[in-house]
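Two complexes, one shared chain (chain A), two partners (chain B, chain C).
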Partner chain A sequence: MEALAHREHVLERAVDEHRRRGRRDFWTLYLSRLALLLVFLLAWQVLSGVLLDPYFFSRPSLIWDQVVLLVQSGRFADNVLLTVEEAFFGYLLGAATATVAAAVLGLLPRAYAIVEPFLLAVYSIPSVAIGPLLIVWLGIGINSKVVLAAYFVFFVVFMNGVSGVRSVPRGWIDVARVMGAGRGQLVTKIILRGAAPHLMTGLRTSVPQAVIGAIVGEFISSQRGIGFLISDASARYNTAGVFAAISILSLLVLVMAILLNGLSRLGARRTG
Partner chain B sequence: MARVTANGRGDAAPRAAVVELVSVYKAFVAGGTRQAKLALEDVSLSVPRGEFWSIIGPSGCGKSTILNLIAGLSAPTDGTVLYDGRVVRGVNTDVGYVTQDDNLLPWRTLQANVELALELRGVPAAQRAERSRELIGRVGLSGFERHYPAELSGGMRKRASIIRTLIYETPVILMDEPFGPLDAQTRLVLQDDLLRLWERSRRTILFVTHDLVEAIALSDRVVVMSAAPGRIKRVYDVGIPRPRDVFHIHGAPGFSLVYDRLWADISDEIAVSRRRRAGDAVEAPEAVES
Partner chain C sequence: MAVVTLSRADRALQRAAEDAQRSRRSWAVSVWLGRLCLLVVLIGGWELAADQHLLDPTFTSKPSAIARAWWQLAASGSLWHHTQYTLTEFAVGFALGALLGVVAACLLTLSDLPYRVLEPYLLALYGIPKLALGPLIVLWFGVGLLPKIVLAAMMTFFLVYMNTVVGIRSTSGDMVNVMRVMGATRWDLYRRLVLPHALPYTLTALRLTIPIAIVGAILGEFLGATGGLGYLIYEQVTFLAVDKMMAAIATLAAIVLVFRLLLLPLERWVNRHDKAIGGNG
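Moving on, here comes the complex of A and B:
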């Protein structure tokens, strides 16, 4: 009886320690990150005017004023939302087409070998070259930015997806075939599921790509969006304005990364 | 007691063969060399329905290759592989195959792995669970149903890969060194389990091993293969009466006779492959000089 109670006690303690360690790690991580940011901003603020010319490098307090101005004038929400919208639809378009393409071409090595050089050729087109073309084809509005964002996302997801499909061990496929799996079952239950870790990496790392794609599009030609804020401010030599827009952009990507992390963790818990 | 036959067709085998290899050759071209190498040379085998056969031979002699041919995962370079009298073309779904690697799917729990074949056949979840629970219990894995393969020991994974093949009752089962990496006790227990399962259903089993005692303890016949390129050296009729006791197989009538004859054959093969390896090392430089 006593031994049993003691065992319970030991197990409880292990769970307790585990939980406490998890919590401690969490706080040290976030506090360290915050500290690093503060040191950086403080150094910038102090050195600006001493080592750095504020005309070129601005300083955090001035940038903050610019952000406040943007928010108060109502331009903040307007521009940020447009960029988010472009990046979001671009991401969906790029990720969906890339997943399907990776599944199909990953399963057909001969077809993949045929189209591979063409894919590489398309991939090597610099965005500054393809951007203006897209704007000529699709107009100055949201469509050209969505497609440019999709273009940025596509290759990251596609490359990861193909390598995921190829990484599925022959033995898993063979075992399922001998068990009588049909073609569709092989694809959904073994190959795509086995490729999921690589595919998830592609889907995660391409989120910032979507935002970059949208911004590049706006940079080339637009009347709104974060990219427009950047190019507008820099055209007027307003360095604080440029940094303000860049800060907003970084914050946006950060929020997206956190959301996506939460989502994929939730997905992992569901599917195991 | 131990009748010896020149090849697997046996002396007047009364029952029809369910698996038959006729003068099978298999050559592979190794990726780097572009040179073809024979893995199997003129292999003929004829396995009657309901018998337990073991294949034994030095590593690299083509044992796994034979099982892959029977499963239809690869095709012979020459010769014919027959299943139930028909030439095997494409994957043979009438056999269950316990591969040398366990090939458990890492994202599936133990139970979901065991149920895979039933799931592919559209068996309802409740029925699947009932059958998998029973088998999981029988090999002592109860309580681990919801563990992932990475959370199981090597022996547990092996047991899982065996029952996931047993669950969908195929007439023929191929097992490639299924107890290879296990410790001696676990091995014995699983051999005993396998014998009981087999004695109940009497399905045809082809069992690859490099453990001589294991081969004798389990089988009706033992196929001895020669070192690469794999050829069938001899097929032994074990002849120890059933039911057998794997824990005391050494004391079974006829055991030592079979063991001695098999060992004589196998030690010859070991000597051959050892001499060949040593010969390679000596001959190579001479070849360069001449």
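Moving on, here comes the complex of A and C:
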């Protein structure tokens, strides 16, 4: 009896020790990461002007000043909102057309086989290359950026969607048919449900693509937006301004990734 | 009597096989016919619509005009001139990015701590849209070939690095242990086991990064260049020369397609053992 209690005690201590060590490892890891970041920023700040040419590399304090300046002058909100708007509508357009196309072509194997080489040809066009064409067609306003963002999104969602539709087990479809499902029911209840995991992957991974499409569109020709801030500052050799705009963009992408993670976790809980 | 039934069954079987073959052949025929029809309808419809002014030829051009523009560009030598720029930028940048990606993956997987410390930084860098760095790269490296090479290399690096790490990490621990017991050095381990195992992963990444490496080069050309297919496209905006833009875009698509098709057999050759291994259980 005593021996048993003793053994339990030892076991408990071992578990405790293990947990403590795990927690310590965790903190060492995070602290070392944080320390590395601080060292990097500090080294940048100190070495700028000594080893690094501040003209090319700027320095963290100057970049911060530029961010503050952007926020105070109101240019921050204005430009960020425009890029978000372009990316948002581009995403909606690209994701919606890609989902519909994937559902239709995934269901019609013969039609898919027919258009496949055409799709492959269009897919081989480097996405950036059609930017100038869109400027000619749609002008330098928001429309050309929306369409370019949609083009960046389309193929990612489409490819995932088609492989999703193809992954629906033949048996499910047969069973649903036998049980009297109509064509509409077949699509909404079986095929879209079955394709959902693949489709969701496409819909999730293409979100940053929409932002990049908008930014690239702004690089090619624009008067506002985060991409404009970057290329404008670069044209004026304002390195701190370039870094400031890139930091803002990275932060935007990060925030979107976090939101998206939360959303998809929520969605998984709902459907799972 | 028995012989008769057997031959009848035989005949039925043969007929069924023929049917299956015929339906397969008719599927192939219908698909190719469909492709041909679609091609004719697309190109003919485009041409006709432009002739009938349903589409404004100033903006959409038309197939015959694009073909003529392509031929003119090719005959004058300017197409090859610009293609050389883009190909050089792509090839050097792609090779550099791929090499650095593989080397970084090897170095970081050698031991655990540097990987765990550096990984989040690499991921954070990966999270920054690399195309957005274009103007900065131009600011740093000017308007020559270098900024395009850097952009193409950056587009290539991360995917190759990440896929190679996945490949290296998925090497079976048992095999590593066996080799260790048999006295393999770390170099032997990487050369004989780990890298061959990671190769298919790396190759997949290479195939996937071909188009995006070219995208990097072209964006670099948009941001400031003296030559290249991207420069050719960008330059034509001012002249509204949609036919020349389309001709250049088609050339780019052809280049991407050729490189992707070139890598496919290589990938198949590397994966040639997979089936055998799967077959043995």
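Keep this in mind: the second predicted complex is superposed on the first by the 217 of 272 C-alpha atoms of A that agree within 3 Å, B and C clash if a C-alpha of one lies under 4 Å from a C-alpha of the other, contacts with A are read in each partner's own complex, and residues count from 1 in each chain.
What we mean here is this: a residue touches a chain if its C-beta (ideal position, glycine included) is under 8 Å from a C-beta of that chain, and two chains touch if they have at least 3 such contacts.
Just so we're clear, the structure is a prediction, and the values are computed from it rather than from any experiment.
With both structures placed on the common chain, the touch criterion links A:G194 to chain B but leaves chain C unconnected. Once the two complexes are overlaid on the shared chain, A:R75 sits clear of chain B and of chain C alike. Of the two partner chains placed around the shared chain by superposition, neither chain B nor chain C is touched by A:R166. Contact with chain C, but none with chain B, is seen for A:L249 once the two complexes are overlaid on the shared chain.
Once the two complexes are overlaid on the shared chain, A:V178 sits against chain B while remaining clear of chain C. In the superposed model, A:R204 lies in contact with neither chain B nor chain C. Comparing chain B with chain C, more residues of chain A are touched by C. Within the complex formed with chain A, the residues of chain C that make contact are 27, 30-31, 34-35, 38-39, 42, 59, 116-117, 120-121, 127-129, 131-136, 138-140, 211, 214-215, 218-219, 222-223, 229-230, 233-234, 236-237, 240, 242, 245-246, 248-249, 252-254, 256-257, 260. Those residues of chain A whose C-beta lies close enough to touch chain B in the complex are 169, 171-172, 174-182, 185, 189-190, 193-194, 196, 271-272.
Listing the residues of chain A that touch chain C in their complex gives 29, 32-33, 36-37, 56, 110-111, 113-115, 117-118, 120-122, 124-133, 135-137, 208, 211-212, 215-216, 219-221, 227, 230-231, 233-235, 237, 239, 242-243, 246, 249-250, 253-254, 257. Remark: chain B residues 71-73, 91-93, 95-97, 99, 101, 103, 105, 107-109, 116-117, 119-121, 148, 168 touch chain A in the complex.
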